[in-house]
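As structure tokens, here come the structures.
Each of the next two complexes has chain A plus one other chain: chain B in the first, chain C in the second.
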Partner chain A sequence: MHHVTLDQWSRGGSALHRRDPRAKIATLIGFLVVLGTAHRDLAWLGAALFAILLAGLWSARLPLGPALARAGAVLPFTAVFAGISWLAGDPARGAALVMKSYLSALAVLLVVSTTPLPLLLRGMEMTGAPRFLLMVAQFLYRYLFVISEEAQHMRKAAAARGATVQGMAGNSARFKAAAGALAVLFARSYARAEDIHRAMLSRGFPGYFRPLSAPQFGRADSLFVTFLVISLIVIRIFIEKVA
Partner chain B sequence: MPPLILVNQLRYRYDDGTVALNGVDFRLEAGETVALLGENGSGKTTFALHLNGLLTGDGSVEVCGIAVNARNAAIVRRKIGLVFQDSESQLFMPTVLEDVAFGPLNQGLSPSKAAEVALTALEQVGMADVAGKAPYHLSAGQKKRVAIAGILATNPEILVLDEPTTFLDPPGQRALAGLLAGLPQAKILITHDIPFARATCTRAVFFRRGMIQQEGSVEEVTARQGWEFRPRRAE
Partner chain C sequence: MHIPDGFLSTPVWAVMDAAAAPAVGYVVRKAQRGFDDAKVPLLGVMGAFVFAAQMINFPVGVGTSGHLVGGALLACMLGPAAASVVMCAILAIQALVFQDGGILALGANVFNMAIAGVLAGYLPYHLWGRGRGRRAAIFAGGTLSLLTSAMLALAELMISGVRMPGPVLGVSLALFVVSALVEGAITVAVVAALERIQPGVLRAPSAGRSPAFAALALVAILLAAGGVVFASTAPDGIERLAMQTGIASHARTLIATPLKDYQASWLGSGWPAQAAAGIAGLGLVYGACLMIGRKR
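Coming up: the complex of A and B.
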């Protein structure tokens, strides 16, 4: 069964994968602050930060092309606001918006791709994030798999009875069939989600997940955060002073 | 000695008005293995879901002398382990080991102890070699065994298994029958697999339209209900 790609990526064994999730979260926050508060020489800063993220993807042994493409998922949203800025006569602001949103998405993707979500949420919990929000995120994650599985079952069942996208192409039946399948998918996913929740309750689910291995924040993690955050700050100061 | 499970006049109606249980009386004594037989939709699974408080109907249900209700649900669920019909729904953690350790962790065991208990349970069902795998990479029969391990790891006093032989090949069924025979817990098996019921159960109850219509040995019940599948020979 093919599953969510990010989950597969997150179960690697690189040095970046092994870092404590809190170290990665702290570094991510540092990265976002450095990027988000920058206003001058954005092209140089953007290039430097992009190079750092590429180095991160490479060291985590993640496929560069698919990772860069996935981070581009934010672009349609920011492109709308960038377009408005461009029409308002401020194309530089629009370009900065696109660059910042893409790099932010890529940084988040790098953290999510190198940390299994249960561990990431556990790390967030240990840094004081509200447990309720984390629970919602965890269930969202779990049920994403449910919907994905149900969709694949339905696709197989349809294919087994001769359904093809080409067979319906070019007529309104295609839209109707897709809409009907979507409705069935949600109904089936809802029923499956209820079953899973029952199974969880029957094994004493207390309302939050207890991890089998708790993350340990070690010396290597301290060095990782310190080195990267200081480097990011130095890079920004250097570019703003020299470039 | 009081019964492990005591059910009196249990009634349940689904939201759409379907009457699933219509006055069920049931007892389970220590050491018994009881088969729940009956047609699809006769109320067997609905009945099982009442035993650990996942559904709540009218009437009374007691497990190990504890009334099953919302307040006692957590205590009752430590006493009774339910293996669901569809193992896919029961396996929700990223790896097999984490899934089997889910129950022990919720019982308050330390992570290292929970992992140890989970590995022992996986060894019991012959699945220790897949501990590090993702559950969705397993075959249907393997998933069923891991689901059973997930319940064994919680060490309940009563085991309820809904269609335990589904997806198991004959060697797997034999292994499961051997495993169940060696477990000290009282057991309830919901099954359509009559040879398996005959091999593992000391008693059978037959559900029809939300009621228990007949009780007795597996042979008596299946003979009286005409519940044995005997294929006709091709002419």
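Coming up: the complex of A and C.
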């Protein structure tokens, strides 16, 4: 499944994996801003940024093909708008949409697949994002697959009882059955959350997560951010001046 | 409707990020004040529930199906502030893990769905959620929630200059209305089923009806409706508006509007001013968020 692959990728030991999450977040923002604010010579800029991302994927020893395919998750949505732009007589904008959204998604993927999500959220917390929200996000990620599996079981059970067979029941009956299933899922999730909280309290939960080791922002990290962000800006200025 | 990066023009995503960040800080603080740390696992698991709910298909018409989006349901169940926090967490996980929605566009997505969408979804319940019209209120909440988010997203895209020919706009508006009605129907059906299993599970709307909340929600809805009208009268997006009002020459040095006739000269003089303005703005927002969001 999706998350399992991403989790496995993020546990590598490359130099990119070892960088402090804050350094990677700052570089990612720099990359996205350089790409997002560009309006001229997009083909050259896109090619250069794509080369940088490929180098990143290679140095993190991630499988190229699957990574490139995964970032393509944005393409269906983008393709619709690119098609509309094309039909409206502005193919250049359509191409720019595809290029920008794909490269942005690939950049995010590169960061997420070299940083385990708990560490990434911890990095966000250390840069000032509200802790409560990030804790909710961590719980969400932790239980996402548990609750999804439960939903899948329910769907399978319903299918086994003929819920998906056309003509067995009218649309309104199937609609009601689906609503009932969701209500049960909601009630079970609620009860599960209460159990989780009791279990956490009994283990002495202090109201926040205690990380086993705090990430250290070292010299290599500051060099990493400074070098990459400056080179991204220089590349853009160079392309816009020369091309 | 998750907007990916690359769709919104710089002024639009910058403004939306700047608007969303303090709003999120406020909502988090409000949700945190309302209850103890027991809510942390509850809100997380509720977020997971909304994710998982997408797997359960509701038959709509012939051969098509819809699924729950959940903003209004969460608002009725947990209250608007907590529902906003859950939606924010969902959007963050979707952007990071599933490449669904962009990072620079996260502010816009959060504002559309987690702030304005949830507020609009809660408004009818807040106003009429006590009496006999409760079901209608919940239905209206689901509908309004989805409609507001979709209209806001559409307006932002159009202001950014994404082309929307008339027929396409009409079709997408019709689709929005249909899916909004479906969301309303699903929300009502799920609430009804829940009350059969667990009577009294629904959170009654808070006793003290704060006019500020209703006003805020109303503003969100009007913003959504007005945004589309405004954007459709300015088909070339913000650039034409800027030229008409003559602010283009000033705006050029401050914010990078997507003007195609950029001269190379602005690179020399514009860059430092642009960057300085951007950094100053970021610093302001960052400071505001630290002040609002940090409770402990």
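In the analysis below, the second predicted complex is superposed on the first by the 176 of 243 C-alpha atoms of A that agree within 3 Å, B and C clash if a C-alpha of one lies under 4 Å from a C-alpha of the other, contacts with A are read in each partner's own complex, and residues count from 1 in each chain.
The definition used in the following text is that contacts are C-beta pairs under 8 Å (C-beta built on N, C-alpha and C of every residue); 3 or more make two chains touch, one makes a residue touch a chain.
Treat the numbers as computed from the prediction; the structure is a model and nothing was measured.
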First (chain B), second (chain C), both or neither touched by A:200: both
Touched partner set for A:210, first chain B, second chain C, both or neither: first
Chain C versus chain B, contacts on chain A by residue: C
Which superposed partner A:116 touches (first chain B, second chain C, both, neither): first
Which of chain B and chain C A:104 touches, first, second, both or neither: second
Partner chain in contact with A:192 - chain B first, chain C second, else both or neither: both
Chain A positions touched by chain B in one structure and by chain C in the second: 3, 142, 192, 196, 200, 205
Interface residues, chain B side, partner chain A - complex: 49, 52, 54, 73-74, 77-78, 81-82, 84, 86, 88-90, 92, 94, 97-98, 101-103, 105-107, 111, 114-115, 134, 136-137, 150-151, 154
Parts of chain C lying in touch with chain A, wherever the complex brings them together: 2, 4-7, 10, 13, 24-25, 28-29, 31-32, 37-38, 40-49, 51-53, 55-61, 68, 77, 85-86, 88-90, 92-93, 95-100, 102-104, 157, 161-165, 168, 185-186, 189-190, 192-194, 196-198, 201, 256, 258-260, 262, 264, 267, 271, 286, 289-290, 293-296
Chain C-facing residues of chain A, complex: 2-3, 6, 28-29, 32-33, 35-37, 39-40, 70-71, 73-74, 77-78, 81, 84-85, 87-90, 93, 96-97, 99-101, 103-105, 108-109, 112, 117, 120, 128-133, 135-144, 146-148, 150-152, 154-155, 171, 174-176, 178-187, 189-190, 192-194, 196-197, 200, 205, 207, 237, 240-241
Complex contact set, residues of chain A against chain B: 1, 3, 7, 11, 116, 118, 142, 145, 149, 192, 195-196, 198-206, 210-214
